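The structure under discussion appears below in the form of structure tokens.
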Amino acid sequence: MARAMPLGLGRSGIAFLVIVAAAGVLVPFLNLATPVDSPWHVPTTTVVLFGKYLCFALLALSIDLVWGYCGILSLGHGAFFALGGYAMGMHLMREIGSRGVYGNPVLPDFMVFLNWKELPWYWYGFDQFWFAAIMALLVPGALAFVFGAFAFRSRVTGVYLSIITQAMTFALMLAFFRNDMGLGGNNGLTDFKDVLGFDLQQNATRCGLFALSAAALAAGFLVCRAIVSSKLGKVLVAVRDAESRTRFIGYRVEHFKLFVFTVSAMMAGLAGALYVPQVGIINPGEFAPANSIEAVIWVAVGGRGTLVGAALGARGRQRRQELVHRGASRALAVRARRAVHFRHAVPAEGAARPGRYPPRQAPGAAGGDAGPARNGR
Amino acid sequence: MTELVNSLLYLDGVTVSFDGFRALNNLSMVVARGEMRAIIGPNGAGKTTMMDVITGKTRPDKGDVLFDGSHDLTKLDEAAIAELGIGRKFQRPTVFDSHTVLDNILLALKGPRGVFASLFARLTGDERDRIDTVLATIRLTDRRHELAGRLSHGQKQWLEIGMLLAQDPALLLVDEPAAGMTDAETAETAALLRRIAETHSVVVVEHDMTFVRDLGVRVTVLHEGSVLAEGSLDQVSADDRVIEVYLGR
Amino acid sequence: MATGPSLGTVLRRGLVAFALLMGLALPVAADTDSLSARITALATGDFATKEAIIVELAATGDAAAVPALRALGDGDLQIRKADRKVIIAVRDGNRLTAVDPVTGADLGAVESGALERIRVNNNLRRALRAAVGSLTLLSKDVTVRRLAAESVFKSLDPTALETLDQAIQVETDERVRRLMVQARAAAILQTDRPEAEKLEAVAIIADRGDQDARGVLSAVAASSEGEVKDKALASIALIEQSLAMWEAGQNIWYGISLGSVLLLAAIGLAITFGVMGVINMAHGEMVMIGAYVTFAVQEVIRTSAPWLFDASLLIALPLAFLTAGAVGVAIERGIIRWLYGRPLETLLATWGLSLVLQQAVRSIFGPSNREVGAPSWMSGAFELGGLTLTYGRAWIIVFAIMVFALLVVVLKRTAFGLQMRAVTQNRRMASSMGIRTTWVDAMTFGLGSGIAGIAGVALSQIDNVSPNLGQSYIIDSFMVVVFGGVGNLWGTLVGALTLGVVNKFLEPYAGAVLGKILVLVFIILFIQKRPRGMFALKGRAVES
Amino acid sequence: QETIKVGILHSLSGTMAISETTLKDVMLMLIEQQNAKGGLLGKKLEAVVVDPASNWPLFAEKARELIAGEKVAAVFGCWTSVSRKSVLPVFEELNSLLFYPVQYEGEESQRNVFYTGAAPNQQAIPAVDYLRDVEGVTRWVLAGTDYVYPRTTNKILETYLKDSGVPAEDIMINYTPFGHSDWQTIVAEIKKFGSAGKKTAVVSTINGDANVPFYKELANQGIKAEDIPVVAFSVGEEELAGIDTGPLVGHLAAWNYFMSVEAPENAEFIKAWQAFTKNDKRVSNDPMEAHYIGFNMWVKAVEKAGTIDPDAVIDAIVGVAVPNLTGGYSAMMPNHHITKPVLIGEIQGNGQFDVVWKTSGLVVGDEWSDFLPDSKPLIADWRKPMSCGNFNTVTGKCGGKGT
Amino acid sequence: MLVADRIDLHYGAAQALWGVSLTAEPGKVTCVLGRNGVGKSSLLRGIVGHHPISGGSLSWEGEDLGSLPPFERARRGIAYVPQGREIFPLLTVRENLLTGFAALPRAQRSLPDTLFELFPVLDAMMDRRGGDLSGGQQQQLAIARALVTRPRLLILDEPTEGIQPSIIKDIGNAIRFLRASGGMAHPAGRAVPGIRARARGQRVGARPGARGGVGDPRGDLAVDLERHMAV
């Protein structure tokens, strides 16, 4: 039965939480406590990779909240993710202190060689972790709030909203590319050394970040769950179905939209903040509209309106991208292979896993666990 | 002025035009507290447009629309108007397709409409009972868990009436409630509306004269955006102009 | 190809001979020996030596040197390795013929491997331009004289004064004469002639009133004193004033031209997205396919029918339309039709498709840029008052408007257009009206894609032809369609032009980067004001 | 049979594929040639190709995969600065070798990285010298894409020009976004700037795809090299392949290698390359030469060290000299940059460059620019005992300012 | 003649029609009656091909309609006025009418003259967008649009919903006229006041959960029938 669940979790939800929690504990454990040659050992590469996926999953979750349940197709969520990432990146940058190549205790390297004399005001405070952590939520949240307040009040909907969110992230990308922004321009922020005193190149730190990401994903999932299974969630779905009808029974649609949009942006910001220390770089490329579109697509693959699906969709993403790229470059590869015997350093099963398309047929035939059926609107 | 004080809904000189076409032309009308009023009139007379104006969907070019003597509806948006206590059934049934019948009613149920109120809302026993009553009234009790999108046209029509009942507004605007119903249902609907009208104000638009007769209330005939005639059904149906433009010979 | 000298070769050889004859016919007697000695000397020595020789050649006033000098500038003056003889290499397709630089005599075919090019650098090119200019001032051909006068003006060469005086005496064409007078004035300013004469020269130059004049005067102002300097400065101020006025016009032109590019890129999307409602992320790739078709057509023409080159774009247009259209139909039949009413899946599918198409093109044509040349009627620029308008851009504007008009007619005036709109508004009901919805869907998507394809033909003229071509336009295209109002062709037109003009007016003040950001912010704010785009449809019809 | 694995980390898809795919092919060719010569240390070389898909974090991930997963002996790869920055920590952590073949902004010297492309002093400064001394340029437009390489280069050039007496009003700096395609306004501005009665030139650090529309616009607006020459640092034979160069003859580029250079090594290389790609029109370019040099240096260093152990190779490689393709030798310096000749070429109608000027000797890559105040006192020397990438000659300490 | 034989129809897993049979003869009006949700619209959707039937057979003028797409049915002379109007909202009234030409051979592409006599309001609003019309006007447009295709079988689902009484009378007259002029069968949705009194034809019933069939009205359906026919 496809009705929204009461505040409980549902079977798939519990299973998902168990898996995330288990991964959050097991992966770090197997990485740290087993010897490298043990069959149980999880290589660091995998920890980093999966940590990244967890962050993407959280991002996908945040998109699913606004798209799956409220019908807001945001093509700019990558911007919130990136802003969260930048907030964390700025802190990590300050943490480097005088260990930078120029040894300047205050200015990050890129400022030194571009001749900046003093730290711009917006860098103040980022030497404190707590400040950066708050900013990672607050900046995306505030942007979403302001942006949403305007857009929803003006009743910008549908593709118009999608495209202006895209314009937003595109504008931010161009702005962050500018070196004058004082955020590292195209190269972005890199060369991080440690976070809260833990060396980022230590496996223990990586595992800690991994566990933290798992926890964040679980928490995000619970928050989303709580939202969508409350009456508010029902209002959101109603808005998605028939926005003006919802107004006529007295709900202030723009407030509801603004609320989820902001919450969702903050979740995306959190995802970004966890992502950056794990991959070690944040640059304006993360604002690229294509990134946001990709993120939306994980949701599509996982199944719109099913939170679990969205989170899972994020995992398949990289595979798929490789597949698409490789599929067509095979011709090149074959030619090259003839020349030298080399092989692609990709797992052999790479070709076997197609993205999970939710097969939806005739109206009414859909169903799924928590997914409200969609009637072409 | 007494009119204004006693009235629940007060329209004065309302004009709406679309690209030069006057859908409402200096329309004035008063609905008193606890009154039920039937509105008839040819297709395109402006009946639905009038409801659009009252519910805030369309802004009039000029004229006053007052609710309860003091609220200027032309200044408010749809949600605010709904919260004042004006509920509406649309001519074309619009329900939330991907919600169950039950949830459709639940959403319409009278209660706080704020974001955080909704986030922490719990269903009370009272509310449960009210939902059950409404479901029974619209005879969809056994389909309560089905998605509204899967109802037939007529059932959606009923569901919308149910939502209106759940909303329990002071003023009900009902646009063609009998369309697509059987005669038996039509009669029942009329009875239902009469019952509601005991405690609420109601404005009904219908083309089914049997139904209007069943209601037994004062009738206003609209034509080309303004009032053509007003009175009991028998009075207006005797009016030559009404026969000419509306009833036919 | 048939053997024997082709028509092109004959023509070219004829041209050389003709030029030589013209040179010989001039009153100055040709001292063939010293001429060929000097030309031979060009083969050796460093750039400085060569420059000295060129100046000497110019000083002789012997127009017989012109073909050799021209060939040197074009890189056709070569050394035959076998005997170190300097010749002019005339190329036709893959055949090379050697021609004597002085007499114009045909010295037979040569291998390119047997030749060694005489190198030039920019300094030499400048010297050559001045030399050829002063040597051809007395040519019989008006165009040649005009070009010569222009060259001399640019070279500011006082040694040309004598010839200039002579040429002005006999010049019959008023325009050329004026140019010569201006060139003379410019040259005079380089000498130490009396102030009065200089003042007069400044006035002449100031009359010209363009950027070149400003350049000359600025140099004068910097290097002279007294009244000449004052007058020059005053004239500069005047010129700058009038230039500033033209600049606004220039900005509008740039804006319209950018707008027409946006329009072209977006117009196909106005159908697939605007009319059909398909969020078509593969739109850019259709544009790219069109550009690659142009490349392919030019490639074929280059190798087998070079004389058709100027028509290459005209040939490419229908082919690009058909190719991109066919791909579009295939996409619709294969993928999109299963996804109507499901925007997210469509987004996913078309986005994946765009990657596949890019990679496919990358595999077939290679990852790097491909060269698409401009036909002669699209190269260069012309002046309109103080505006410099390039032919390429002008044609693109004309072309964009034509495509737009065509589309409006198809959509609004034909039965197909009506069916197309009916189908996209209510597919099932359209079918019940007897419309072959499947066919109409495929054709509509095909039309949108085909139009994108012909946009690609035009865009190949101004942008990279690379697998990434489409990516750079997709976002802008969506912005334009949405800004103008989805589903409204006129909106797309006005939207594109507005964004183009706004962009171009911002750019000089804010810089290109900030300008672009501001345009995006402008779009976001604009949508707040008009949530359904510039040409929003209003009324109940939209809500239902 | 055991092999020595060599990692190739170049984008084969996405926006950078346009430039990087070629480098992957070059590496495959070089490895094939080496194997034909009998391999290295008696073992065959095996290329491991990964595709980081123009995605910067993916570069780091793939680098880790290559080093930790595939256990490659060395990695040849990256193009953009940001991709290099992204992988740096990985190479440092896992202690492996990266050969980076592209000209870049300098301001970096890392123990595990070998910079075989040009530093600003090996490209930008000689080019400006040429324009000033030979062409008599006195007015400058510094036009670039708005990212770190052009910013840094222009900063260096601006200081350099001002030091040499160019007044501020004779320098115009202009930045454009990535992939900028509408150059009408900027070209018109350049034209205007150039009509002030002084010889003007454009120093272009415009990057990638933006160049084609830029040159097309130059041609259309009739800016001739004789009037306002443009010297570019990112335009090579590959880029020109996409443009009709007829109207651009005379515009310049500064590189350390041109395909047209006449040298036996080059002829041989081009022949092999065209045979390898089965395309007799394939062009070669500067980053390809950089890989050629880098690869040969690595081979020589491994032979010298007798092992592929990174530490041993890092120690062995400094001082190694191998032939470059322009008829001389390039040597690895202690700062992990190499010595190179600087060539100025003019664009020809056939899409090639004609060398019109060349530095008299080899130029040593300067990792820390002398024209940036904070970099001036820094030097890098990875030989023991100093073993430092940012030694401050003023304070005598390693680590920048060394507080 | 239209013959539907033991038709089943499913929405996903839910069955809406259970072996319904119906015959519509030329020159006669056939009415389908029943209360809400009984499957009337579903039956008509099956006939015009808007929803696939999952069992039984359907033939028109001797030809099996089987799985012919809707447009093929339209071209064979079957026109449809759906419940809920489904006019093309962004097309003008004129354009809405012109869409009907797709089903006609070129020679017959003209608007019938009677159209505007029947629905004068459409004539006055030719250039207004269909979606902007009032509910009743849209319904008139939907009927007019179906008439443009010059159908031999006109299928009307609650055709008079929302239309003012005077015009309902006219429609009744018109349908009788069309029937008399030959060759048209009119299965319609439940009769509405205008036609109600005059509808004479075969009665077809269906009800949920039970087999329905020609002349087999049972249970609550019978009650309805009596009431309808009683006027």
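A few notes on this one:
In this document, chain identifiers A, B, C, D and E correspond to the written order of the chains, with residue numbering beginning at 1 in each.
As a convention for this text, a contact is a pair of C-beta atoms (placed from the backbone, for glycine too) under 8 Å apart; a residue touches a chain by one contact, two chains touch by 3 or more.
Just so you know, these numbers come straight off a predicted model, no measurement behind them.
Common neighbours of subunit A and subunit D, listed by label, are C.
With steps allowed only between chains in touch, the distance from subunit B over to subunit E comes to 1. Farthest from subunit B in terms of Cα centroid separation is D. A straight line joining the Cα centres of subunit C and subunit D is 30 Å long. One finds 74 Å separating the Cα centroids of subunit B and subunit D. Here the CA centre of subunit C is 61 Å from the CA centre of subunit E. Shared contact sites, meaning residues of subunit E that touch two or more other chains, fall at 11, 14, 132. Residue numbers of subunit C whose C-beta contacts span two or more other chains: 355, 358-359, 362, 471, 513, 516, 539, 543-544. Listed for subunit B are residues 18, 92, 150, each touching two or more other chains. Contact residues of subunit A toward subunit B in the complex are 1-4, 227, 230-232, 234-235, 237-238, 240-242, 244-253, 255-256, 259, 363-364, 372-375, 377.
Partner subunit C is touched in their complex by these residues of subunit D: 13, 15, 17-19, 21-22, 134-135, 146, 174-177, 179-182, 184-186, 188-189, 191-192, 194-198, 209, 212-213, 216-217, 219-222, 225-227, 229, 238-239, 241-244, 247, 249-250, 252, 346, 348-349, 351, 354, 356. Those residues of subunit E lying in contact with subunit B across their complex are 11, 14, 35-38, 41, 83-84, 121, 128, 132-137, 140, 158, 161-167, 169-170, 190, 193, 223-224, 227-228.
Against subunit D, in their complex, subunit A makes its touches with residues 43-45, 48-49, 52, 98-105, 109-110, 112-115, 174, 177-179, 184-188, 190-192, 200-201, 279-281, 283, 285, 318, 321-322, 325-326, 329, 332-333, 336, 339-346. Residue ranges on subunit D touching subunit A, taken from their complex, read 12-14, 21, 24-25, 28-29, 31-32, 35, 46-51, 53, 55-58, 60-61, 64-66, 68-70, 80-82, 85-86, 88-90, 92-93, 107-108, 146-148, 151-152, 155, 175, 177-178, 276, 372-375, 378, 389-390, 392, 399-403.
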